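Worksheet: one structure, shown below.
Note that the chains are named A, B, C and D in the order they appear, and that numbering of residues resets to 1 at the start of each chain.
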Amino acid sequence: MSDCSKLTEAILNGDAKASVAITKEALDKKTDPQELVSKYMIPAMDEMGKRFETGDCFVPELLISARAMKASLELIRPLLAARGAEPVGRVVIGTMKGDLHDIGKNLVASMLEGAGFEVIDLGVDVGPGLFIAEAQAKKADLIALSALLTTTMPHMRAVIEELKKAGARDRFKVIVGGAPVTQRYADEIGADGYSDNANGAVGLARRLVTA
Amino acid sequence: MTSPAGAPAATLAITSLDDFIFGRAPHPVRCGRGMEIGAGTVIPEINFTLPPIAIAEDTWPEIRRQYAEMIEGVCRRAMELEVPALLVEFETLPPMTENPAWGAEICKLLSNTLGTYHAKHGLRNALRLTPNDTREFQRPPLLRRGKYWEGMLELFARAAEAGADLLAIESTGGKEVSDEALTSADLRAVVFALGVLGARDMAFLWKQIVAACRASGIGPSGDTACGFANTAMVLAGQKFIPKVFAAVVRVAAVPRSLVAYEVGAVGPSKDCAYEGPYIKAIAGVPISMEGRTAACAHLSSVGNISQAVCDCWSNESVQNVRLLSTNAPTVSLEQLAYDCRLMNTAARSAEDARRLRDWLTESDAPRDPHAWVLRPDVVLRLAAEIMEEETPYRRTRRAALAALEELARAHGAGELRLPPQEARWLDTLRRQADTLPEDESALLAEMLDSPAASKFLPAEYGL
Amino acid sequence: MTSPAGAPAATLAITSLDDFIFGRAPHPVRCGRGMEIGAGTVIPEINFTLPPIAIAEDTWPEIRRQYAEMIEGVCRRAMELEVPALLVEFETLPPMTENPAWGAEICKLLSNTLGTYHAKHGLRNALRLTPNDTREFQRPPLLRRGKYWEGMLELFARAAEAGADLLAIESTGGKEVSDEALTSADLRAVVFALGVLGARDMAFLWKQIVAACRASGIGPSGDTACGFANTAMVLAGQKFIPKVFAAVVRVAAVPRSLVAYEVGAVGPSKDCAYEGPYIKAIAGVPISMEGRTAACAHLSSVGNISQAVCDCWSNESVQNVRLLSTNAPTVSLEQLAYDCRLMNTAARSAEDARRLRDWLTESDAPRDPHAWVLRPDVVLRLAAEIMEEETPYRRTRRAALAALEELARAHGAGELRLPPQEARWLDTLRRQADTLPEDESALLAEMLDSPAASKFLPAEYGL
Amino acid sequence: MSDCSKLTEAILNGDAKASVAITKEALDKKTDPQELVSKYMIPAMDEMGKRFETGDCFVPELLISARAMKASLELIRPLLAARGAEPVGRVVIGTMKGDLHDIGKNLVASMLEGAGFEVIDLGVDVGPGLFIAEAQAKKADLIALSALLTTTMPHMRAVIEELKKAGARDRFKVIVGGAPVTQRYADEIGADGYSDNANGAVGLARRLVTA
């Protein structure tokens, strides 16, 4: 099993080729796929998250690590699925109706994928109906809403209100973010969580799906 | 500040550091009611916007009330503070571009108040209308057709009748490729987005804007690399991407922004175009800049240096929220007015204007790579290098290479302080830049064969 | 700027215009964590306060959260912007002085964060606590007894333990007479309120503050004529009272403010003490000033000149409201930080510091009488005149006369522009001032026999 | 009657002695006291209000005119009262609980008196209960609330709420003012009017009592 520690290293270095090779080899040796994920891959992404927090690395480095992790996960997921295992969580994400900004949303989506979430990205300018329909169709755990304009923030409240009307409010956790959004606004509209940065959003999503 | 090394190319409108000062541009712009920009006086430019409110039929009376309150408060204070002139920017909100009648209505409201203050109180002023580039509402964007484009065209055409004196835009062609390139620090894709896609869209879009302005007798003012280099700057400010990368993106954005002026824009550039000093040096048009006074809109690492060679001095944008004193737009106006007073007082002597410029410069430059590339001497040097090339793509590539070289030199010489995690990116980016082909078509072919190809429609760029 | 005419009196701490610059005071103040004020570097002073919220048991957690958010945002940005040091002022809200435990709790919260930022990030800083002068809650006020006075005393005594490094106040003794005198432009009553009542209360109050500070090892910083001269300035800004009157009130407020330093205050003066330059010239203590950066708290006609000889540069106060970028306190901090950068860059050469000082001065002075009396050369001249007198009353009377004469001279010489409705008040006020008796007891007897006598309790002034 | 135009002039000049003398003389000549007020005195104060609006005079000048007017009114009021005539209106005014500021409030009070209102000034730091009790006891038409601190603004809402609880909301018009107060805040708490300056407050009070 000592070879598997190289998997951690490959992900830290963002070396997708090495990550995939080591994963293949480990699976060939019948290593438990769940163990690969929880013991070697998630800790690698946690370490990258820490480096990012302290300013020792940047998002581009986070992203290539996440891509390496994702490449390995593509080998592992079918095995987990065959066992009936689920991803860490499933997230429907998008930018609010009327809002053209997607950098923040894309960042959160990538980092959630890197953390083992299945991400359904609805893009920009998404109306409340589509968020809810997709969340129901894909059996999502979380709905993640992004707004970069103060004028589109009110649509966040609309999503939560529509969920209530549909009697589906407690089937999904709703998290919100974006430059003009604040914790207070999140509380006011009854969202389940708020983060002011992409890395924080991943921690938030994890806490909410395990809560 | 020492003079730039080497002789600047003859293509620059400003070749001597002595002539590169705030308030004065080689080609001043007359506009509005008695206003001249770049003719020796720095002019405040104020931009204000709504607090969170839905834009709809039933909120429209409140929206009108808000704009009326904002323009009245700003004009009254501008008069009381005896500003030399006042430039007001009305940046529409997206629904006001999609529905041009709404945008035109607010524009008219603002223009009427400005007209009254000029007639009654002699307040010189002009109104700049900045419709949104709503084309990026759909991905991949349709840049030359479709409802968004038509809404924009209509608002351009109605601008003069709605009382605008200047037309501007923050255009976005190429942003669909640039966005992801920025978060990945993919310099290759950024250069492609700016130098190949962005530059082509600018040429197309600005020919239309210039035609609309000529048809109605108003001024085609300017554009900005906001969607590209400001996005990079903000991401770097949040420590998402390296600051040195954002600084290189800034310089690489110059050739794209320049296209607007090559096809007929006359200035002032948009306030949020921090590449403005390059534009002023190359094209000679007056520029609007923002810095510490725009902290209401975003924090900045270039709060002072951005002012060094400005012709208009702006707050970027502020919402109509209430502060202890009064509404935030009036507060912003007051801060701009006092800053302009100081600059214009110093500018009574050209030597003193240069002194103030140099203090503004020195106070920021050694601390931050983005500030470093805005040093007036660096601007003249890099602008000359950029203009040695002939095409937007080759200029963009050259800009990236020259910026990287300058940052490495300044860091090596101890003039620019960089923490180690920033400094190591200079090498990473240099390796990326060195592989950029000299030939544009080679990069295009490569990109069309990459995952980025799914993000844009070549035909929308005439490709 | 030319040198002041006539030789300044020997009693001034600063006698030469060349030595009268920002960032440098004859008697610098060391305080807090590694901070020195007036030793050559201008330091930003930030003050923030709650948005509208009731202060009560049930809102207390939210209030704590707000202050924690504000201090964290401010410290982080101060660190990122590499400020030379950071002075934070915590001005309590009245319920926090009436209930000193509340005031002390917030003070401690702020002090803890400041301590952390110093220990972890090397951010030099200090915390100034400014309890309210709640004595004016009742009219006529009890100044030396009663529950309000006891609450204040308790907060003074707890300040050090609560983490304050400096203690300040905006004291109000005499305001009960001054308020109506201001709206009536009654210079006689204003001089009485400042020179007879105010000065006596200052001596009493500041002996207590100095004693409390000495007992606990913190710094007795300063006071302000906010309740008098700022009220006048704001009323004049709203065109309620003549600007020339407010300018005279400013100079007349100097002797009262000076009393604090005569009985042991060491500076920095309070930011809203626009008479600060006089205090610096006379007492040599460092001063805090506010101007265009305080537009969030009130508009101003002295936005630049107020900065000319400051040692700390402040925003006065800003509520924790959200702007497009971030919370307003962080926005204010950023603006202060960049202003200080510019000043400190210029101050690398004393000659350049004087240049910047003079531009700040010239940019405001000719437009406004309040600005005029803040001209560094005028300050030195009038301060010398004031200090030719021995008692606070005689100094106050002399200050009013000297200010009137200077304004009339400057207006007559065409150096100060005044509209006719302002200019005619110079004569009206001069006629009032000329009848002020040389003898304080004559004025006192007169006032005790006037309707004003019902407004104040002589015993509370030791009369 | 041409002598009475000198009354207007005396008030414009803030000459209380002259104003009183002319009033006495006119009353001796049996001039209608109501006519003195409406034809010569109120127009004088209106003119002063106009001069103030255009920046041609300041509050101190307004105040001495108001004092001259008041001095004359003191001669006239008993005559009007004997006829059963009422003042223009009766106002209870004060600064909110917790608020030490009274300059703005005093200004409004003086100018209301100058405009012929009877003013009951409750001073500073006034709780909702006292406002309501005094307004009821003095049969006021208007309650004028002043706040200079954002922290004391909420007490304005309290006055209106207490009035509602007491079933007395429609017996009084409530007007609000002070630096942090806005038209929007006034609307929000259901006040009857707002003015951002003392002169405007007088016009507002007039409109409300004649409405």
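The rule we apply is simple: a residue touches a chain if its C-beta (ideal position, glycine included) is under 8 Å from a C-beta of that chain, and two chains touch if they have at least 3 such contacts.
These numbers were taken from a predicted model, which means no experiment stands behind them.
Colleague: I'd like the Å distance between the centres of chain B and chain D, where a centre is the mean of that chain's Cα atoms.
Modeller: About 52 Å, centre to centre.
Colleague: Can you check how far apart chain A and chain D are, centre to centre, with Cα atoms defining each centre and the answer in Å?
Modeller: Using C-alpha averages as centres, the distance is 64 Å.
Colleague: Go ahead and note the Å separation of the Cα centroids belonging to chain C and chain D.
Modeller: 34
Colleague: What are the residue numbers in chain A that touch two or more other chains?
Modeller: Each of 150, 180 in chain A touches at least two other chains.
Colleague: By residue number and range, which residues of chain C touch two or more other chains?
Modeller: If we look for residues of chain C contacting two or more partner chains, we find 319, 322, 324.
Colleague: Chain touch graph shape: choose line, ring, star, complete or other and state it.
Modeller: other
Colleague: Which chain pairs here would you call touching?
Modeller: A-B, A-C, B-C, B-D, C-D
Colleague: Under the stated contact criterion, what part of chain A meets chain C in this complex?
Modeller: 150, 179-180, 182
Colleague: Mind listing the chain A positions that touch chain B in their complex?
Modeller: Against chain B, chain A makes touches at 55-60, 63-64, 98, 100, 102-103, 106-107, 110, 123-125, 149-151, 153-154, 180, 197-198.
Colleague: Within the complex, which stretch of chain C touches chain B?
Modeller: Per the touch definition, chain C meets chain B at residues 49, 77, 82, 291-293, 295-300, 303-304, 317-319, 321-326, 328, 330-331, 334-335, 337-339, 341-342, 344-346, 352, 355-356, 359-360, 362-364, 367.
Colleague: Touching chain D in the complex: which residues of chain B?
Modeller: Touch list, chain B to chain D: 322, 324.
Colleague: Which residues of chain C touch chain D in the complex?
Modeller: Touching chain D from chain C are residues 50-55, 93-95, 134, 136-139, 179-180, 182-186, 231, 235, 238-242, 319, 419, 421, 425.
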